[in-house]
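Before anything else, here's the structure in question.
Note that the chains take the letters A, B, C, D, E and F in the order they are written out, and that residue 1 is the start of every chain.
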Amino acid sequence: MVTTRSLEDLDAHSYQEYVATGQGLVLIPTGATEQHGPHMPLGVDAMLSRAISLAAAEDLDALVAPAFCYGYKSQPRSGGGNHRAGTTSLSAQALIAQTKDVVLEFFRHGVRRIAVVNGHFENYQFLYEGLDLAVREARAGGLDDSRALLLSYWDFVDEQTLAVVFPDGFLGWDIEHGGVLETSLMLHLHPEKVDMSRAPDHPPADLAPYDVFPEDPARTPSSGCLSSPAGATAQRGELLLSTVRTGIVRAVTSEFGK
Amino acid sequence: MVTTRSLEDLDAHSYQEYVATGQGLVLIPTGATEQHGPHMPLGVDAMLSRAISLAAAEDLDALVAPAFCYGYKSQPRSGGGNHRAGTTSLSAQALIAQTKDVVLEFFRHGVRRIAVVNGHFENYQFLYEGLDLAVREARAGGLDDSRALLLSYWDFVDEQTLAVVFPDGFLGWDIEHGGVLETSLMLHLHPEKVDMSRAPDHPPADLAPYDVFPEDPARTPSSGCLSSPAGATAQRGELLLSTVRTGIVRAVTSEFGK
Amino acid sequence: MVTTRSLEDLDAHSYQEYVATGQGLVLIPTGATEQHGPHMPLGVDAMLSRAISLAAAEDLDALVAPAFCYGYKSQPRSGGGNHRAGTTSLSAQALIAQTKDVVLEFFRHGVRRIAVVNGHFENYQFLYEGLDLAVREARAGGLDDSRALLLSYWDFVDEQTLAVVFPDGFLGWDIEHGGVLETSLMLHLHPEKVDMSRAPDHPPADLAPYDVFPEDPARTPSSGCLSSPAGATAQRGELLLSTVRTGIVRAVTSEFGK
Amino acid sequence: MVTTRSLEDLDAHSYQEYVATGQGLVLIPTGATEQHGPHMPLGVDAMLSRAISLAAAEDLDALVAPAFCYGYKSQPRSGGGNHRAGTTSLSAQALIAQTKDVVLEFFRHGVRRIAVVNGHFENYQFLYEGLDLAVREARAGGLDDSRALLLSYWDFVDEQTLAVVFPDGFLGWDIEHGGVLETSLMLHLHPEKVDMSRAPDHPPADLAPYDVFPEDPARTPSSGCLSSPAGATAQRGELLLSTVRTGIVRAVTSEFGK
Amino acid sequence: MVTTRSLEDLDAHSYQEYVATGQGLVLIPTGATEQHGPHMPLGVDAMLSRAISLAAAEDLDALVAPAFCYGYKSQPRSGGGNHRAGTTSLSAQALIAQTKDVVLEFFRHGVRRIAVVNGHFENYQFLYEGLDLAVREARAGGLDDSRALLLSYWDFVDEQTLAVVFPDGFLGWDIEHGGVLETSLMLHLHPEKVDMSRAPDHPPADLAPYDVFPEDPARTPSSGCLSSPAGATAQRGELLLSTVRTGIVRAVTSEFGK
Amino acid sequence: MVTTRSLEDLDAHSYQEYVATGQGLVLIPTGATEQHGPHMPLGVDAMLSRAISLAAAEDLDALVAPAFCYGYKSQPRSGGGNHRAGTTSLSAQALIAQTKDVVLEFFRHGVRRIAVVNGHFENYQFLYEGLDLAVREARAGGLDDSRALLLSYWDFVDEQTLAVVFPDGFLGWDIEHGGVLETSLMLHLHPEKVDMSRAPDHPPADLAPYDVFPEDPARTPSSGCLSSPAGATAQRGELLLSTVRTGIVRAVTSEFGK
């Protein structure tokens, strides 16, 4: 019986016993080191995906791997852009390679069910490639029952929850960077890391339907947030966490069995 | 004066004169070789991005580069999945490298303004990485005014057009694979390549908010379409083309100047 | 029964039926975007390999994949050099990766016989590497009967044909860039894309038996052609096409069976 | 003035102010996810390099970047080998790419002094390559004063400290995996993560002067430790930390100035 | 004054003096480890390119770098094929990377003129890519006068020499693997490594104008030679060496100045 | 029966017979092109690993592959640093790829036992990665009994030998670059390549316990040696060779059987 859901806090002998049950399930939280406005820390994305993974792991009897603390380049239409100070990103090659390597290692241990819980929008396609390469290689090498699942946690926020969290109407995920969603979750999970007195209050960013290279700093509000977090509360964060946790647990159970 | 907008049909001497004006603008259409149901050909994505690019090029005095005919792996939530027959895809590494190489070559010629016109959803992030690497390298090498733009054509369909094309309500871009949007555009642009007698008519696919590896074939309708193209017409295609063309021309002009 | 030899014009359901016969054969034409003098377009190499593939496909009941429109860097001793405007090339890495990926996809579909029909001299070794990697990987992964063939179309021009096409004597393939061979084929296949009034007439280029880096522009005639296309005629193009088509069909049949 | 030494806990606006001083110094702790016997958790290496970095950062007015939680493959002669359950490692390519990317990002922010604090023996050469590539690229791109430093923390344990920590004689760093050094540091820094009741007590591993592929599991003691941690105490950990901290601060100051 | 032309036999201090003259010229011989029939050793290609380089270096006051002893995969149409025992080859990636790295190092030392002397047909395009990448990077990094030259030694055999070496007519370079050319040069340069009593005598191989994957062993004569070396003599080898040496010296001088 | 231990001097037919016995064993010597002071040539590392391999091969009935003449970047703490003239190094990528490729080729031939004999400290981890990748791939591809061994020759010098070679006390391997060990071995094996009249005599280098980027030339003695070779003699070299040879033969026999 494991005494912690956090893989890095577990000893190898206990891990081996856990895996030997044949029911091992590992959740890999992925985030970024990315500016999130003046009121929240650079590590928000990994903190949230890790906390959500730990919560879901309780229900799933799963373990949570060390979070990917660096993510793909922040983009202006979802994260404010990679030109901003503090944002510290990986190239596609590095993120794909890391994903592939880590997933293959868990398969090697005997884990056959892996779920990557993404907390940074820009990561998704590179995680997808890493997972695709890893599962192909594992199966080509004889681990025929290796399976994986990839999700971004906000895709589990349902209409009902949106209505509560955004009583004035939900304007879309693209401008949620540093906004009500992330700030509410942080206020619930890590209130000591949020300083609402520094939260900006400005209209939502007017995002162009395309990207330019090099980035145009003028396209991102100076705060770094794409919308105002003013409506964020710990209570809304609690609701969001609960919704997301339930959805993820249901999805994983549905795919991998109980 | 160039006599064609199609770069592959132009001779090198005319091209050189065009570039020598200092006003050169190259559009690069990108697509895929991907199943699009029983009623449309495998090459739809490149055909559409190329046709849209050629139309916009008229207004922009631009040239259109040879289309990227192969794209990133089709995904179940946007293209039906890469497991289906006919879908012939590139890895992330290949698509990123191709994008970077081709863009750097146009910069080397003296072109300073490039726009990638994407026609395959799954490509976007890999085109982004290729463009980011190319523009960084060009600028590090002294081509300080090199600039590029990346867009997916459907991001220029406005609310007004959606209301006309989807009179019963628009259900989201994710299920538009092989549906009304693409089929209408094909009926307008390449009617001889569409066989509406083979068009499937089934409810929209019920897409899960996550991906699984390996893909689950049961998650994609057997037709390969994620929604019914039954409402597609050439007239709607004409409207879509007109809207998209106008939007792209406006975006490019706004960023790169007239 | 397929209604077109062109894969990009075929729908996925028809393709699947074609492959299900177990007799599927896919030809992949490869070319380049490369200057070909003032009288011919930049896309000559892909146009020719594609046309030749389509012709051979008729005899072989084969399908022709979307052409590789970008090729390896043009070299002074075979294509005038990569420094010239219009020439838009891939690095070795990108071409190898693209070849490997695309070939593996056709094997995945169930096609077991693939022929790459090369139309750009500089591509050959990189296509070779891509094919070698793909066939090894396919076989290591259990697709034991996967086979492929690689050819450059001019290697099928026989002595008899050379005597007719070059009545004053054949000076070697190396200087045929933009010369009589390619121009004749274009005059037969795509006469509307050739402007013989702009065809240069100068002595054959005096090629050094080595390469220099960076390229020395003075080593390539200003026309970009390595010999004069003055002797090109559509009739000679027709003869060349016929010879090459016959040779390729014979080679493919000999290796892969009828 | 920054309020935390931990970069992931800092907001981007404060970070920007810190960097704007021109005196920015970032420490990057690197570790691994690697078995460390039955008495210590899998995350020991990153926990120690992070704690040591945070301590040194106080003296250096530096920031500590998110730790690299995954490291290069564990080797039998320093970490027990990569075949053991729980050990979750990166390939050379992934670790080199991650190091290069992250270091280049800090240079981009305006930080000119970076120190990588390594906590996993097997990482060193790959961190070296990543740093070498990053510093070359930064300088080639115009950031002429970019500098970096690479160290492994145990290289700062002096003879005097060794005499105290290993009163019966020091047998060499190679067998210190899961032994007195790491266990003492953990007992001082994270006592709640150590369970001395599970600590193995066996003679030091008899390491061969070479490596074999595939690894021979019989060459590693079943505990996973290469020597007994029986002599570990929190007091010795405190001494070790103090020595290492002093040494690192002295080295960084000596190279980068005060 | 250097006392040897062989770089590996020279000490670093003498090398530095040599480079400091500003007239440094380094020749890099490249070969392969490849079967060459029963009468010649596996290392023929590197032995010949090295010996030719040393001879030319005398006339050019150049140094000869350690030979590349491994080359690209042997191909059936030029080297008998990579399936044969003893042939030990590199992938494209490895050969390109090695070439780029080594050339960049000589540029770093202050050498501005480099010539790669190739002795293995299959290497050429990969050496070309490596050189192209190296010269671009060197120049982008500020070494503006960096130049390189690439040649295969047999391209310097003139008609007059061919007439003497092949009195019954020259049948083409493609079948010269293990034949009269290489054997004659070895008989002149390394007679102790040739055993003419084991030399095969069979008709020239009938090479197909294409390649198949996987290779068809039946397409290569069982000897491994593509033509008979029966006509090889040390005298012919001496003539060949003299012709090639003269040609290479003339080419290098012509490009790089005296 | 093979007539030479040197693979490059052996013909392919004899090699095939050797491998066909099923007892084939190949040693791969690896070195570098690296400054070794004013008294020794640049090629020392490959010369020594090759000579040691040839000696051990006699006892083991093994063959010695062509040496890797280029190695990983020289580092200040073991080789004086890569900034020095003459040192000509590979990147991690190139060395890993070369190692993997070459090892896989020997497995393909039917050799099942390979030992890499390293002569350049900095190479070790990259050889390790190449071997790990090769053995995994060989086994995944069905060559289940493929095995390899990696060693650095100096790890076989025992205490007794050290006492004789360093009568005044041994100061550690890190400063042995260009010192008594290498010089003695060279005086025994290749006396004509050593010029003791140019041997420097200075105190051992005072090496810092960390690395800086870019390298600080002041940290390496101007001679390029990290300690004085004054005590080197051919007799000591003979003893060292004998000790190392015995140790390697014992290790290989112990792992691979007689």
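Note that in this section contacts are C-beta pairs under 8 Å (C-beta built on N, C-alpha and C of every residue); 3 or more make two chains touch, one makes a residue touch a chain.
Predicted model only: the values in this text are computed from it and were never measured.
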Give me the superposition rotation angle from chain B to chain D, based on Cα atoms, as a multiple of 5 degrees. 120
From the centre of chain A, which other chain's Cα mean sits the farthest off? E
Among the chains here, which has the CA centroid at the largest distance from chain B's centroid? F
So how far apart, in whole Å, are chain B and chain C when each is placed at the average of its C-alpha atoms? 26
Euclidean distance of C-alpha centroids - chain B vs chain F, Å: 54
Rounded to the nearest whole Å, what is the centre-to-centre distance of chain B and chain E, using the mean of the C-alpha atoms as each centre? 46
Mark out which residues of chain E touch at least two other chains, giving numbers and ranges. 91, 93, 140
Would you mind writing out the residues of chain B in touch with chain C in their complex? 7-16, 19, 33, 35-43, 46-47, 65-67, 69-70, 84-91, 93-94, 97-98, 100-102, 105-106, 109-110, 193, 195, 198, 224
Footprint of chain B on chain A - complex, ascending: 72-73, 75, 91-93, 96, 122, 124-126, 128-129, 131-136, 139, 147-151, 155-156, 208-214, 247, 251, 255
